[in-house]
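Beneath this line is the structure, given in structure tokens, with notes to follow.
Chain lettering (A, B and C) follows the sequence in which the chains are written, and residue indices restart at 1 in each chain.
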Amino acid sequence: MSADRLSSVSKEVKPESVSLYPLGTAAAPEQELLCIFGTGDFGRSLGQRLLHSGYRVVYGSRRPHSCGPLPQGAQAMSHEAAAQLASLVFLCIHREHYDFLETLTPQLQGKVLVDVSNNPKKNLYPEANAECLQRLIPGAHVVKAFNTLSAWALQNGPSDANRQVYLCGNGAEAKQAVAEVATKLGFAALDKGSLSAAKELEDFPLQLFPEWRMPLYVAVGLTALIFVYVVIRDVVYAFVEQGKDNSFRIMVSLANKVFPIVSLIMLSLCYLPGVIAGFIQLYRGTKYRRFPDWLDRWMLCRKQLGLIALGFAFLHMVYTLIIPIRYVTGAPYSFKSIRENRTSVFDTTTAWRTDSYYSIGILGFSLFLLLGITSLPSVSNALSWREFSFIQSKLGYLTVFFCTLHTYLYGWSGFLRPYKWYMPPAYMLSLVLPSVLIVLKLLLLLPCVDRSLTRIRQGWERTDMQDGSEKPLLT
Amino acid sequence: MSADRLSSVSKEVKPESVSLYPLGTAAAPEQELLCIFGTGDFGRSLGQRLLHSGYRVVYGSRRPHSCGPLPQGAQAMSHEAAAQLASLVFLCIHREHYDFLETLTPQLQGKVLVDVSNNPKKNLYPEANAECLQRLIPGAHVVKAFNTLSAWALQNGPSDANRQVYLCGNGAEAKQAVAEVATKLGFAALDKGSLSAAKELEDFPLQLFPEWRMPLYVAVGLTALIFVYVVIRDVVYAFVEQGKDNSFRIMVSLANKVFPIVSLIMLSLCYLPGVIAGFIQLYRGTKYRRFPDWLDRWMLCRKQLGLIALGFAFLHMVYTLIIPIRYVTGAPYSFKSIRENRTSVFDTTTAWRTDSYYSIGILGFSLFLLLGITSLPSVSNALSWREFSFIQSKLGYLTVFFCTLHTYLYGWSGFLRPYKWYMPPAYMLSLVLPSVLIVLKLLLLLPCVDRSLTRIRQGWERTDMQDGSEKPLLT
Amino acid sequence: MSADRLSSVSKEVKPESVSLYPLGTAAAPEQELLCIFGTGDFGRSLGQRLLHSGYRVVYGSRRPHSCGPLPQGAQAMSHEAAAQLASLVFLCIHREHYDFLETLTPQLQGKVLVDVSNNPKKNLYPEANAECLQRLIPGAHVVKAFNTLSAWALQNGPSDANRQVYLCGNGAEAKQAVAEVATKLGFAALDKGSLSAAKELEDFPLQLFPEWRMPLYVAVGLTALIFVYVVIRDVVYAFVEQGKDNSFRIMVSLANKVFPIVSLIMLSLCYLPGVIAGFIQLYRGTKYRRFPDWLDRWMLCRKQLGLIALGFAFLHMVYTLIIPIRYVTGAPYSFKSIRENRTSVFDTTTAWRTDSYYSIGILGFSLFLLLGITSLPSVSNALSWREFSFIQSKLGYLTVFFCTLHTYLYGWSGFLRPYKWYMPPAYMLSLVLPSVLIVLKLLLLLPCVDRSLTRIRQGWERTDMQDGSEKPLLT
């Protein structure tokens, strides 16, 4: 797609704009000239953006006269000539082609070389591309930068997540020069240290949802576990004890048992670390000591845990809603009430219970959906800190409470019935975690506990600690 | 959470970056030194950001050698020493600790003091924090700023809603200096006037959905009113007149009567002010006079009214979809057709009516959902003004029309039946407002009326006004 | 709405702020003075923003003493006086009022005139507003700019889609001056060439979803076609052959046949161009030649095709879920099983088939919804390029596969039944395109083909081409 996108950009730039940034007029003597090696997608997009931001651009190419469409206003020349004109050279070349740069050592002496390259895979080379380049041309100042941006981001300008340009390198002045270019292009430059951080920067664009990994593993693990459990309890049991083949129930009925259970457990996992952190702070009497690593990591993936739980809740809702379709469309089901020829003994208590069960479930799901919507980046950005924390904690715990109550109402008197093969129904197991969570949260909400915790979170420290440290003045 | 977030930031900054911004090198003589009092979350995040943006930072602390982890590249020293080095001091201290600043009066003389503090509650103190500070150290130039940002926003850089830094103070030059720092950090500085505006700024982060308050009150009020009405009509009536206990119907059936009614009324309330404004402009013959205050405030919460209405419409849809589940899952319901042993007299007119009723309802809800999606900040930002107004007005009125038609089809011949206790069914009451809205809108769409209104909105003024003012040239 | 919005802005600015930017103090000698002609919504919002960004502003007005509320800190004077003070004049006037500017020719000589005007309709005038202005005052440097912004965007500052200011004009220096103002206001200036591009810029804000046009035409065309087909097959056939009036089925049953078919076809149309592009690149052996125009245009509207398909899928889901309601609420339907007094012959194969059919459909729809959510601007901005392409291609093809499988399971043994009037059921027709797509995609995934394509996309070119061009070094 980038190829056709680029051509559309090229079309937009009217030929007249050439005259705006001529290579040597007196009208704009302050416009800096930058050099780009490489006329691929990225090189062309970068040149386009640089030209738009008021720089002059010259491309270095092996075939300066047949290197394809360049942004209007840019010149192409040999690598040697181009390198000599500018003090800052962008290398938009694949690492495999770095070798030829050695021949340019004299021209690149003392220049700032910006390495924008990425690799197709992690750990393809033992050394970072930028470090390899520095070794190749020791006289140049190599700065790793811009590699986290796509050609697309360069063409369309910085947006929310594409605003930051990470850079690293050994020379402070070289980094400053690159940071200035980034700032002028509308990006925010973030210094990540010396060139030894290049490896880390080069791994950035290769990451695939790193913060989703753990939550997804948890979700898959839980799903598998509970699926096996309900298959044993519902299908295997019926087959062994009653000789019935219930296997078809896997597709809808059992799936609809697994989804709500995973959803409820993951929702609890999303709020549990916050409660645990509260108890740790209470126990330690200070907020100034770091949490254990496992809790840190757990807290950082709460949003992902919650969103996956929302996905499962959505599946549960849709699977529940299709239940009646299977009865009315001539499917192989028929109504229990009809099949069993039950007389319609109407029981108000049962009616209250089932209707409450449905109603609480819907309200819980709606609140859950609201939490999901407010975690969309553009919505949460529009909220003040107080509003965001109100929604995510107050409404969040209300959601947990509704969903737990929904499950208790589903169980109702079922908690007392004898178990098949000593295995309690799966939904009972799913209630353990949310029940614990709710009890712990209620403890934290007790007035005396709440007061202590609030003080600690405002910077107060318990003074009965053995090191005799005084109450901190500044928080 | 901010504590662990901060530490992760600190980890990212490699020790090498220290050498980039040394406190006294000749390489970067232009880097300004700023001072921060307070090493809490906010102080550390602010220092981090300042360092990233090319400033040098020194912390003032009571315990310079044990004040916990500071951003790499920053120094900590005594308050006196730190204040003397910089001409601009950020105070990241709670108001309770301001008193000690009096001892620093000589060092702070003539300095710009940036008060970033917030209070945990509104009206905790009679005087704004910044004003109290100015009174304490009259020789300093106090500027209130940055208090609307969270430590989180400082660390992650400005985003959509966190882009603006409000500032106020009595000295123009002091404000200019703070505005420059804010701009360099990537924020947009917005001057709010003299220090007497500090109170207003300090109340900003304490606001909890101010623009949602009125619509929520309306929603709660309407819901309560209609709920009581349908309870009387359906439950109390059945109990008094027929001795039947219908109370269980509250959870699903009655809820599902209340939700669509509230939704339809609030949807009308969302579009009514626009129509009223049109009539006022037509009557006045100009768009240059302000609307009455109540209309102004009403128009400002249209988006919120619409979104709450969408929430109720969503609940209505889900509550409707679960109706059949209660019949097929062995619940205490049975089919009317079965119970009453009705013979299946098929009636095409009724079939057309019920199917149209469902179909129109779904289409109305889908349009409504589309309106909701386009009001997400990131989506509405991506639309041109003309596109946004096309969706919100054209599609909006189509939604109103569909939802009203849906309700009329629901009523059908029911409008003519005798009422229980002289109380018409609730849905009939809900039709009043949308019907009025549609009639008014149709009046505005009459070619002659539409032409006048368009001219007025383009700046034309009726000339038969008594003050004899001429047609304005510039609009 | 803009009128009341503006007044609220004016209220926010405290009177004290006047003293901050006085018209002639020595304290701020570097603040540039700009002139605005026109005191309408746009002029006032622009002035407000300019004042906030540190400029001084003077308004030119015919009635300087009665021109309504101006932003605090701005002065109003006659056009002549205002024009003389500033070197840059913003014209916030409708084109019809340009004529009076001729009288100001001496004052405007050599000045930069920024034309911000828009027209209510396309092609209202043969000449662009800015070109007309340049003809009127040949001695001024006319720059077209800021016309794509709304008064609202000016007041609230740049946001995602409102960040770019397009400008064009004949003078490079004049454009540079306007670009600097835009940058200082927080916008990104994008040069679009000489004044002959003004027409294009003036058409920008008048566009109504240009990129949605084609996909919408396709959707409407397909819907009409398939609707006619199913009406003939289901309603007309039943009427002609059996004399039954099935017309009521149009509202729900037939709609629910049309929606999924259109959705599936459009989903295939969304992924087909990517596959075709792959085959073209394989055939040509290079990625450096442009795709044919029709493919270019097709690829640019893939997102819109997909989102419309999602809308139809949503309608299909809701229409499916309401099916059972019509049976249980005393509607003119009754259960096939009851009507036909069928004995409940339970068939495990059929149970597996129907349950799989529902389950696969729900999973397909959920994946589809996930694709839709990730295409929200704020979500896709938060993804890295690799994450975005993973979701849109890997999960996208999985969605196509699930939805196609869902349709095959729906058909089941129906493929072999004789057709009414030689017309196969519509869902069979809908399977052609997705089946072709899946086969083509599988071909591209064959290891040998995949390897070639990956190499081509990394910049490799086939060397057996007749022009003997060598393998390019730089990509």
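Simple rule for what comes next: a contact is a pair of C-beta atoms (placed from the backbone, for glycine too) under 8 Å apart; a residue touches a chain by one contact, two chains touch by 3 or more.
Predicted model only: the values in this text are computed from it and were never measured.
J.: Based on which chains are in contact, what kind of graph results: line, ring, star, complete or other?
T.: Topology of the interface graph: complete, with all chain pairs in contact.
J.: Are the two sides of the subunit A and subunit B contact the same residues or different ones, given that same means over half of the numbers occur on both copies?
T.: Different; most numbers are used by only one of subunit A and subunit B.
J.: Taking each chain's centre as the mean position of its Cα atoms, how many Å separate subunit A from subunit B?
T.: Distance between chain centres: 25 Å.
J.: By residue number and range, which residues of subunit B touch two or more other chains?
T.: 160, 321, 324, 327-328, 338, 376-379, 381
J.: Which bits of subunit A are touching subunit C when the two form their complex?
T.: Interface residues on the subunit A side: 1, 3-4, 7-8, 12-17, 19-20, 27-28, 37-40, 43, 52, 54, 61-63, 66-68, 92-94, 97, 100, 120, 148, 150, 152-153, 157, 159-162, 186, 204-209, 245, 247-253, 255, 311, 314-315, 318-319, 321-322, 324-332, 334, 338-339, 376-379, 381.
J.: Considering the complex alone, what residue numbers of subunit C touch subunit A?
T.: 160, 163-164, 168, 172-173, 175-176, 179, 188, 190-194, 196-197, 287-288, 290-291, 296, 299-300, 317, 320-321, 323-324, 327-328, 335-338, 344-348, 350-352, 354-356, 358-359, 362-363, 365-366, 369-370, 376-379, 381-387, 390, 458-459, 469, 472-475
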